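First chain written, first letter: the chains are A, B, C and D, and each begins at residue 1.
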Amino acid sequence: MTDDAPLLEVANLRVAFPTRTGMAEAVRGVSFTLGREKLGIVGESGSGKSMTGRSILRLVPPPGRVAADRLAFRGEDLLAASPRRMRDIRGRRIAMVMQDPKYSLNPVMTVGRQIAEAYRVHSHAGAAEAKRRALEMLAAVRIRDPERVYERYPHEVSGGMGQRIMIAMMLIPDPDLLIADEPTSALDVTVQMQVLAILDDLCSQRGMGMIFVSHDLNLVASFCDRILIMYAGRVVESCRASELHAATHPYTRGLLASLPRIDEPPGDLPVLSRDPAWLEG
Amino acid sequence: MPTLKRGLTLLVTVAATLLGLLLVTFLIGRVVPIDPVLSALGDRASAESYAQMRTQLGLDLPLWQQFLRYVGDVLEGDLGTSVLTSRPVLEDVLRVFPATMELATVAVVIGAVLGVPAGVFAATHRGRWPDHAIRLLGLIGHSVPIFWLGLMALLLFYAKLDWAPGPGRVDVFYEGMADPVTGIVTVDALLAGETDIFWNALHHLLLPSAILGLYSVAYIARMTRGFMLDQLRQEYITTARVKGLSETRVVWRHALGNIAVPLITVIALSYASLLEGSVLTETVFAWPGLGLYITNSLLSADMNAVLGGTLVVGAVFIALNLLSDLLYRLLDPRAR
Amino acid sequence: MTARTDTQSAGWRDWLTTDTPQSRAQARLGRAWAGWTAFRRNRLAIAGLLIVLALVVVAALAPVLAPYHPYAQDLNGRLLPPGAAHWLGTDAFGRDILSRLIHGARLTLMIVALVAATAPLAGLAIGTAAGYFGGWVDTVLMRITDIALAFPKLILALAFVAALGPGIENAVIAIAITSWPPYARIARAETLTVRRADFISAARLQGASSLRIILGHVMPLCVASLIVRTTLDMAGVILTAAGLGFLGLGAQPPLPEWGAMIANGRQYVLEQWWVAAMPGLAIFIVSLGFNLLGDGLRDVLDPKGD
Amino acid sequence: MMIDIRDLRVRFGQGADAVTAVDGVTLSVREGESFGLVGESGSGKSTVLRAVSGLNDEWTGRIAVAGTEQGPKRPKGFYKLCQMVFQDPYGSLHPRHTVDRILAEPIAIHGLGDADARIVRVLRDVGLGPAFRFRYPHQLSGGQRQRVAIARALVLEPRVLLLDEPTSALDVSVQAEILNLLRRLRAEHGLTLVLVTHNLAVVANLCDRLAVMNRGRLVEEMTVEELRQGAAREPYTLQLLRASRGYDRATAESFRDYA
């Protein structure tokens, strides 16, 4: 496998949930490929952006159903992988950081043990070795006093520190791909920037690919290399982040226009009028 | 909050609860239409000795003084004398209590050992047939009158199939053969090295404790399922799966770790309700425990014994509550 | 003809399930309909509902349904096994067990109704007041509740009955007195979760009085879980009442109370099993009915689970 | 002055556990003005708003609204003068009440007649047709719910509207609609607005003047014109401004904690 081969190939991904009135499709035919880059997936609530991220890890809760023409990680078909193989891939090859560390960390386990556990499950290292690695990792996410933080419980740390701990835990087995699902939406802007800087550095140092799921168009445009814009379960536009201002799809243009800006005089914002034709891509 | 202050609050709470319990038993004792003087002296007492006894029992004092006196007596371990056995109630209660404890303890062990895994299994198979089956079994367990089930079980396993021994703690033949050290026959038999008696006693214990345990299996399984479903929805469970942990570890380590504390409370509560449920079971199985003692006293209007027994069960309840509270503070990092 | 009824019922369904109700009544009915649709899909809950309805019908029509008078003794027909003349057999006085069970349904229903009409309401009032006002009101009310909760319910009920004298009225009083605390706890917990909700703040900012907020905003949200809990508890009430009857402390002879009937059959259980078995079965079925109904209601009204 | 706050202090908890949420804030808002209160979480901005609204009664200092000094407990008439809109449209509407009941309640409390006409009028005012009147909150989208919440605040025809992060739980396209609605209502009803938010762009769009808060203190006050030109004086405000321009690796490095 060469370095320029795609890390992830997704073709015609569909996620559907049964409801009383039939199947409701959350993701309707999403296709993209990902190399060692930062790919942003942007959309409003209900656009299917989070479900796209989770279906890659096969974490769509039952009774949801995932189907795709191709869903391959480094050429390996993820939909055909056995549960055991999938557990190997999770964490070790593909990791995920979620929105709010308040909920995504186990409240009755010290953060240190949670990080060490993530390391041990894939490396079969001893307890002492795992602890040493966990402390190193805490230092790598710029936590000043790793020894003390190691013994803390999640409710004893701030949101920003919690998210760094989450990143440490996810990156400790050295995965190839990180899915970040609104990783900074629960944080204040300044803390948000610091956490993003850590993610940015670690990604480039380790040559990881990243899928960054967010509702924040500005943030994604400034952080990622490439952007997919999702609407109602479909990708309506895909472009380089630096060329977002030149987006052509009316939905993307409408979203951009509806954002208030500090440097613009106050006045009515253009309101997005949704065209049913967008539903068909 | 500082530990000292928290400890004091806890102490005050326990004291208030005990006092409340005493107040209730005291008031019940006052409204009984039975004259305590007559029941102490018999019907043919002279007016003079009647008045003397009345003063002696403190019945001429104002109500609040009577209550203080009652509290003082109880704190000294004086629960009055049983009319039925003519012995101090405390002595009676201490003699019969181990039998009830033996029954309830075996029952709660059955309840926890079967109930927790059943609840976890139901939760992890939510909406599929194991869940429905466990749920239905739980509802059935909650709906059976336990005394009736005991009767029917005796009918089937003792009278028809002859698998179980009859009522009582041991066969008549063995009765009184092992020294009552702890009052728990199985333990006493083992201490005395009498394996025959041990097996016989265990055999006798099996049916009543299984029936008593059935109720607590139903309760514990149902609560476990509810707690577990709550936890399995949480985001940290997704985190554990993303880390690549096996489903067993996700469920039994991460999710169960988070419900351990409420589960302990549930098990303590069901232990308490088993002590109580023994009133009916003991009657059916002629099990000479506290329940049977209270029932017999009730039927012969022996109020001292009834209230004394109530007080002891109440005190055990309060102790169990206190214990689960302490464990909660000890085990949950968020409560420390 | 069929086609027409179909379109008619479809019209009703559309009217009920519309997203744009035209009146208060339509909105309310639509909501009830949505609840019923969800409830209807739970077959066990429907079974429970049918059992409870059957209990009500049997109790209401007892004199019509019972083949014999519940007290009619026939000393020549003592302890007859189930057969054509006596479907469920006769007891030690030759009384028809089926007829006694049918009349006993009235007692069971009465006990359930009396307890359900008192304890949950007392608990609701105490719990919402404690939760909404907080501070010392909460401390005092909840301390009392906790104390009451730490008591052994059944044994306390026994002691109450012992003090007040055996009888069905006293049994009901004893059960009601010992069963309000859990309702107060539930109502308080629900109140605490909604007290900080923005819609309560919004109501306060409208200038609404505390009474108005508790009655109009807080209580409606507590009622759902309280109804579920009450329904589930009714099974326990039936079992407790039967237990008191079994011990001879509940309904007194010759009342056909199911628990007392089991006690009567106890001494014959090894030979004439049906005398004790039939009333026990009746208790079990009715109590299961309340449990199934409560469980189904929880799925509809209180989907959070326990 | 429509709102005049002097040396406002709010403390939560007692003894050693006490936290000072608001630490001596002084500010005033003119009649008809739209004022923004900006800060990160824990800055005390919402606490100030809740003290003004009367939801929080454990404060010291002076709060005057429309020239009348206010105590911790407010008379009923105060609520006709001053209303509030909350952040989360999912939590601010009673789940078991229809839109109709939500809007009828304030009318009943204050004994205003003509409920039907008022409800229809205020629904039209916030851009919802009469079709929405008998719906339950779960039958509405987030934006529609927030419109109902605004309608509930307006039904008493107040002069002051307090807004606690009114758009931060909404999608950007819906946020634009709500901001436009608030601007129109302000013009039509001559409302005084106080907007609490962490989003500087929202303030720039809707407000005339703003104050920045950090850790319970007022850092600085400025006009929106100054904000637009980046003419902040305090380093904390400058850092906020930089952070809201999007991610930049070098800028992130320069961030520090302002205590």
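Operating definition for what follows: contacts are C-beta pairs under 8 Å (C-beta built on N, C-alpha and C of every residue); 3 or more make two chains touch, one makes a residue touch a chain.
No experiment lies behind these values; they were computed from the predicted model shown.
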| item | value |
| --- | --- |
| Identity of the most central chain, Cα criterion | C |
| Geometric centre distance via CA averages, chain D-chain B, whole Å | 55 |
| Geometric centre distance via CA averages, chain C-chain B, whole Å | 25 |
| Chain A and chain B: spacing of chain centres that average the CA atoms, whole Å | 52 |
| Separation of mean Cα positions, chain D and chain A [Å, integer] | 32 |
| Graph class of chain-chain contacts, one of line, ring, star, complete, other | ring |
| Listing of all chain pairs that touch each other, if any do | A-B, A-D, B-C, C-D |
| Residues of chain C touching chain D in the complex | 19-24, 26-27, 31, 197-199, 201-208, 212, 216-217, 220-221 |
| Sites on chain A touched by chain B in the complex | 57, 59, 83, 87-92, 95-96, 98-100, 103-110, 117-118, 121-122, 153, 155, 166, 169-170, 173 |
| Residue numbers on chain D that touch chain C, as the complex places them | 53-55, 76, 78-80, 83-84, 86-88, 91-96, 98, 100-101, 105-106, 109-110, 131-132, 134-136, 139, 149, 152, 156 |
| Chain C - residues contacting chain B, complex | 44, 143-144, 146-148, 150-156, 158-160, 162-165, 235-236, 239, 242-243, 246-249, 259, 262, 266, 269-270, 273, 276-277, 279-280, 283-284, 287-288, 290-292, 295, 304-306 |
| Of all residues in chain B, those that touch chain C in their complex | 13, 16-17, 20-21, 24-25, 28-29, 31-33, 135-136, 139-140, 142-149, 151-152, 154-155, 159, 222-223, 225-227, 229-230, 272, 275-277, 279-280, 283, 294-295, 298-299, 301, 303, 306-307, 309-310, 313-314, 317-318, 321 |
